[in-house]
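Note that the chains take the letters A, B, C, D and E in the order they are written out, and that residue 1 is the start of every chain.
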Amino acid sequence: QAASINYWHTFTSQSEFAGLEEVMKLFAAAHPDIKVTQENIPNPEFMAKITSAVVANSRPNVTMVSSERFADLLAMGALTDMTERIASWDRRADFDDKRFDSITKDGKVYGVPGFTFVDWMYYRKDWFDEAGLAPPTTLEELRQAAIKLTDPSKGRFGLGMRGGPGGQNYIINVMAAFGSPVVDATGTIGLNRDKAIEAIDWFSGLLTRDGAVPPSAANDGFRQVIEGFQTGQTAMIWHHTGSYQDVASALKPGVEFATLAMPAGPAARIARLAYAYNTITSDQNADASWEWVKFWGEPDAAVAFLEKTGYFPASSVAAKDERISGNPMYKAAAETLEFGIPQPSFPGYAGWTESVVLPAFQRTLIGQATPEQAVDEMIDGLASATA
Amino acid sequence: MATLSINGVRKSYGSLEVLSNIDLELEDGGFLVLLGPSGCGKSTLLSIIAGLEPSSGGDIFIGERKMNDVHPKDRNIAMVFQSYALYPTMPVRRNIGFGLEMRKVPQGERDAAVQKAAELLQIEHLLDRKPGQLSGGQRQRVAMGRAIVRDPDLFLFDEPLSNLDAKLRVEMRTEIKRLHDRLGTSVVYVTHDQVEAMTLGTKVAVMRNGIIQQLADPQTIYEKPANMFVAGFIGSPTMNFLSGRLEEQDGALALRYGDSVLALPDTEASARPFIGREVVAGIRPETFSTHSDGPSLTGTVDVVEPTGPDTMVVLNVAGQMITARLGSRDRPVLGAPMTLAVDTSALNLFDPESGNRI
Amino acid sequence: MTNGTSTAAFPGARSAFERLNPIRAIGELSESRYWMYLLLLPSALLITAVVLYPTLYGIQLSFREMRLNRPDLGTDWVFFKHYARMMSDPIFWVALRNTAVWVTSSIALEFLIGLVAALALNRDLPGTKLLAVLILLPYFLPNVVAGHMWALMLDPRLGVINDVLVRVGLLEGYKAWFADPNTAMAAAIVVEAWHSFPFFTLLILAGLKGIPADLYKAADIDGAGAFSQLRLITLPMLKTIIAAAVILRVIGLVNSPDLLLILTSGGPGRSTQVLSLYAFQTAYKDFNFGYAGALSVVMFILLMVFAWGYIRLSRFNQE
Amino acid sequence: MAVAQSRSKLIWNVLSYAVLIVLAFICIAPIVWTFLTSIKPETQIVTRDMVYIPTEVTIENYVKLWSQSSYPTLVMNSLVVTGLTVLICLITGTFASYAFSRFVFKGRTQLMLAYLVVRMFPAVLMIIPLFVLMRQIGLLDSTIGLAIDYTSFLLPLFVWMLKGFFDAAPKELESAARVDGSTRVGAMFRIVIPIARNGLVATCVFVAIAAWNEYLFALMLTTSQGSRTWPVGLQLMVGEFQLPWGMLAAGGMISILPVIILFAIVQRVMVAGITAGAVKG
Amino acid sequence: MATLSINGVRKSYGSLEVLSNIDLELEDGGFLVLLGPSGCGKSTLLSIIAGLEPSSGGDIFIGERKMNDVHPKDRNIAMVFQSYALYPTMPVRRNIGFGLEMRKVPQGERDAAVQKAAELLQIEHLLDRKPGQLSGGQRQRVAMGRAIVRDPDLFLFDEPLSNLDAKLRVEMRTEIKRLHDRLGTSVVYVTHDQVEAMTLGTKVAVMRNGIIQQLADPQTIYEKPANMFVAGFIGSPTMNFLSGRLEEQDGALALRYGDSVLALPDTEASARPFIGREVVAGIRPETFSTHSDGPSLTGTVDVVEPTGPDTMVVLNVAGQMITARLGSRDRPVLGAPMTLAVDTSALNLFDPESGNRI
């Protein structure tokens, strides 16, 4: 049956786009009767657009959903239950069960992972070697190294802290590492005030006390953090595998920089695995949609995509690809896959982190609030977000 | 060509009434001159006739047609605005031809008409300028040109010659007269120039504070003003008002002022009821002369003002100042007594209370 | 506006041919007493069609519980709950204050520079036509591009402005303009003023061309100096244009978070958080449409009050 | 021999030049910088030592931009949307502002305020209902639909601005035209609009620029490549995990190009200027 | 109070020269009237004096001070613009007081001055209106008020009374005269009204095409016009030009026109070189009379035009049309022959080639 489906996603860069086109080409060859029209939406506006579409009941057939958006979209009723389709899917076995954790709610599965972002850190191998420092394995070691490598007269700082847009995830991670996860093992939502204060105090202290972080931290987003590292102003940064190409384009892998799994905190070692899922968002042409969704799980497609983008495949089969396993830089990622956990996910979580956690933390950075005040603000905000 | 009748037209700006109950009648081909002090409502009346301002009441007919609800463009009127209202973006040629353009007159015909009007107004050499590059008088002539190229049912002219020099004004006056004679179009004409009023008008309306004081032919307005306002307003220098008591002397009327008496002609029968009461005699300055004999006034010369062709003399006649216009060859002596003959046949008597002519 | 019946209703239609001519018909119509309403009709219809429903929708949202990611809460009417919450919401008050600062400073700066530029351009000096084009260029840049370019120029690492200031000796080292609450708002205002002052320049310039030269001559004779002429002739003559421009700019600034979104996202802390940004975040990050609706309604009311008062004060519509 | 200009005039002239040159520098410097950035290779943008004049010039950013995006389609769409927006504004808005300027009628101030009110409701919340509306009338994802949406907030701007310019044109001139046999519309088109020409052009330029640069509505209310506009396309080219300075700069340069061309045309009309006068009092 | 000297001032608009080499001298406290046909450059000259237009050459001195580079606001001049140039955004009161306001005159004093000027101009009741709500004449008076509240070194008036009615104009003329007498400020005054020119001016300059034709006191201009242009321009109705041959008869001069001869007074010694040549005799219409005897002209009555106080008669004298102004009591008969006495002492002879007075 001839069908036409549309696909919303946030692929915008040249490489991502090339990857997508490759996948589409393969799909067209395999399913000549299904016509896929893709529509790219800038990541920052993605939720606004999909929300509007849901409210106006004008949804796309298939949507790319990243893990942190799952809970909100599910709550809005944007997603379709795909449990049965997935259960009977012949490639289900290619995927580790964990890959589906962050798209599953109450036993129902709503999507198929397309690829993965794995949290890790980059550090200046040359500087560490020069200073005779070992790569940090705990946050405290990281702090010491950062202080040591900081030399404002040379314009060098220990850690490129992301205190601007997108920084909320790292704040959450640090709090979790200090023993205050937002969602604990029992699934209860809430912060441990004391631990959280300790975490925030430590984290913001990197700037306010230790001066081991560029003073621009409160406004540094992804771009600034990466540029700081690329231009040799910072010794370490935290990010995920998605930025590897960028970093490697400016610094020599293995010589100037190396990658490392996230160091452990006093209470836990936290690194996130974020997935981009493909989900069916409309009842129309659901079967055709399903063909497209599962096509992303085909090793051919995943590898083709990887070749163009370097994004980590979600499929275990694909992850065994030689170009990944053969690259020492990806060792840290493989390591992280073992202990990495998905981000907390509940309705309102994303909004809370962005509009409460981040500004509150920024206020400690710029001296407008104490860690206690900041954490209280977060706790209040969390309460009203989940009320 | 059409008659114009205005019935009970009123106009108020907010609480300010600027026209009250105007009635006017102008015969087909007539030439009505509106005269009146500044701000009396002349321009407003023209605007209402043209349909540019809504009236607050009353009717306007042009020909047989009631115009109240007819749009300006359909009234077929040509108008010269007091403020010229030239279109600043268009060259003079187009300004003048605009009315024809609007009436779809073919280009060639239009150009010819514009050319002709421009020649008549002596502005041929200015046709390609913008209004901003003209002198005041030139602008005024362009405004004039815009009206006279047309062949409307009615011309409205609002002080169309005020900024022209005397010579040009006389020429233009003649041209307007000729135009009127030739086309026979009815005209309503506002002017402050009494010579214009007298020579052009077949009818003159004198207004004051939005009220028509007198509507008559120029001669009548001049010679038999309806009231002291009209009498004082028309004529330059203005009419002398000599107050006194009306008496009967030997069966004839006479005016007693101070210790003296001025004999009046018998014709003033309507004056009889006023015998024994205070009246005002209106005497035009030009009715005095040094030559004739007959009734006369005597006073001391107070001011002598030679103005080219004439000499103005102000006499103190029993405490009242009387101006006389004498020939330039009369040279009165300041401070000396002087006796001037009065043409009492041209004299008017007024009731000082109502101001109306007796 | 079809002819037939409409022309017949008005005297002046003469022949059948004329009645069929639509241009003539419109001409006739234009003389009718209801012409102004006819003139207003198309725009009013269009605006009503496109805007009435969305606005009413937004207003009703503000009286409802509407959290898209919390279907469990339902979508009941909650009357003034959101408004009550707003009164005790510290972020709202901070954003309100920031909005006031952001709007007034930006407008003041834009207007001043715009006016000065327009006055200078209006002198029609040789060679200034080119300068005029250059001066108007910033306005042509999309907000996205303008915002990002300034972010680059003010960047604490790559920023050319920092570099220049350091070279000139005005700065010790590169400054993170947007990370310091003391400079973040100011820097954003400068960027905004840079981007939008040509709006005022162009409008004022167009307005200046319409003032009769005679008035300045008279003022010269009356002994008015340049400043008095500006204050007493130019500005009053441009009153309606300026008033309209200011109102429109205020509305634009209050309502659109574009530039701040790119430059600071409201940070650091909440030092550049403004109402429009807050409403946007509430709606599309927190999915709390009810509260966002209430915020919008409050902004709307504030703007209404402002516009109304402003029109009153400036006697905008008086003859 | 030209008589020396009075000294104060000279001072003002010098001052004007100074102001204009400084302003022009302030305006143009960031744009020049953008241009320089657009022709620098990445390594000279993201660097510790400021590179002012690129030692190595590349047009790679432009090539990427061109090849990656369907620039001609995007620009065409933008042109169509902008053109339609201006057209709708011109047709409906000119009449409306003329009515506001020339007639005193009951409720005029209120109505004018009502036109403004339209602009006052934050766009943020207008998007969803507009989305619904446009879908219902089948204009979602079409250039005409987008133009209509733009009109909703640009029309008030147009009307308000233009009213100011209409106000400045003397009413007597219309009276003269009407007596000359022009209808009210005729007088409006032949007399008032030519006088208010500068203002009309300026207003149109604003509407055009606003429509040309609009992003949020364009993103939300169009979906297919066939109707997307340039700013959306530009934003989309700039990936999230990329450092797109060069491309962004190139995009900026390309996006002002059509506007500059348009303005160069318009400028000629505008500076022609009018000689005011002919109005007494 | 100051003298005004203008030396060789020129002005061109592009290739169009509107003022060529203007030389003028006005004594302190003098009253200079500029007369000339529409578009001859009067307003331009005023603008240059005020410093509003740059001249293309020449110098302007007010008092001892060279004004070329002085800013208008520092010239301490008050001016009435032909186009009024009222500030539309300000009420009348502020319009009038603006010049004082700019000169930092305290509010109270200013209000008093405005009030006084408004009373004088009869516009007290209009002080709170905007110019747009005034009639033409009212606007003109506001423009006037703006000048007269001030106490400048020099007044420039550009046709300040053109839109006022005759009566008001006379009153205003008197007020201006009084103002001038009281303040003694020098005045340059453009007018088309010759009575104004004659009564107000201590000096009259007649201009034509940007060139001054004659600069003299009013009496001289009227009685001894420098050339035919001035002669024809001044006086209404305009001077008659009777062409003929200058002859000597019995030692006295005479003008032969057609078959007749007009005896001339002997005084014209300067005319002797023209004996035997064609000359033009300029005869003012008001120098004719029916009463006196002496030299006379005979012709047939062609037109009779009564204009209130006077009657204009056009005689066909040997093929040349001659206008005479007669008293209103003379009633000539159309087509009948008529003989009019001429006051030849007021007659001027012109060289028809150069147009200059002999």
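The criterion applied here is as follows: contacts are C-beta pairs under 8 Å (C-beta built on N, C-alpha and C of every residue); 3 or more make two chains touch, one makes a residue touch a chain.
Treat the numbers as computed from the prediction; the structure is a model and nothing was measured.
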Smallest number of touch links from chain C to reach chain D? 1
Most heavily contacting pair of chains is C-D
Could you work out how far the Cα centre of chain B sits from that of chain C, in whole Å? 56
Quick one: chain A and chain B, Cα centre-to-centre, how many Å? 93
Two or more other chains in contact with one residue: find those residues in chain B. 71-73, 82-83, 133-134
Within chain A, the set of residues that touch 2 or more other chains is 48, 51, 55, 155, 227, 231, 233
Residues of chain D that touch two or more other chains sit at 46-48, 128, 183-184, 186, 195, 216, 235, 274, 276-277, 279-281
Touching chain C in the complex: which residues of chain E? 47, 50-52, 71-73, 76-79, 81, 83, 85-90, 98-99, 102-103, 130, 132, 146
As the complex stands, chain A meets chain D at residues 6, 10-17, 37, 39-45, 48-49, 51-53, 55-56, 58, 155, 222-223, 226-227, 230-233, 242-243, 246, 249-250
Tell me, which parts of chain D touch chain B in their complex? 170, 172-173, 175-184, 186, 190-191, 194-195, 197, 274-281
Which positions of chain D touch chain C when the two form their complex? 12-13, 15-17, 19-21, 23-24, 26-28, 30-31, 33-34, 37, 45-48, 50, 52, 88, 91-93, 95-96, 98-100, 102-105, 108-109, 111-113, 115-126, 128-130, 133, 148-149, 151-152, 155-157, 159-161, 163-165, 167-169, 183-186, 188, 195-196, 198-199, 201-202, 205-206, 209, 212-213, 215-216, 231, 234-235, 245, 248-249, 251-252, 255-256, 259-260, 263-264, 267, 270-271, 273-274, 276-277, 279
Spell out the residues on chain C that touch chain E in their complex, using ranges where they run on. 212, 214-215, 217-225, 228, 232-233, 236-237, 239, 319
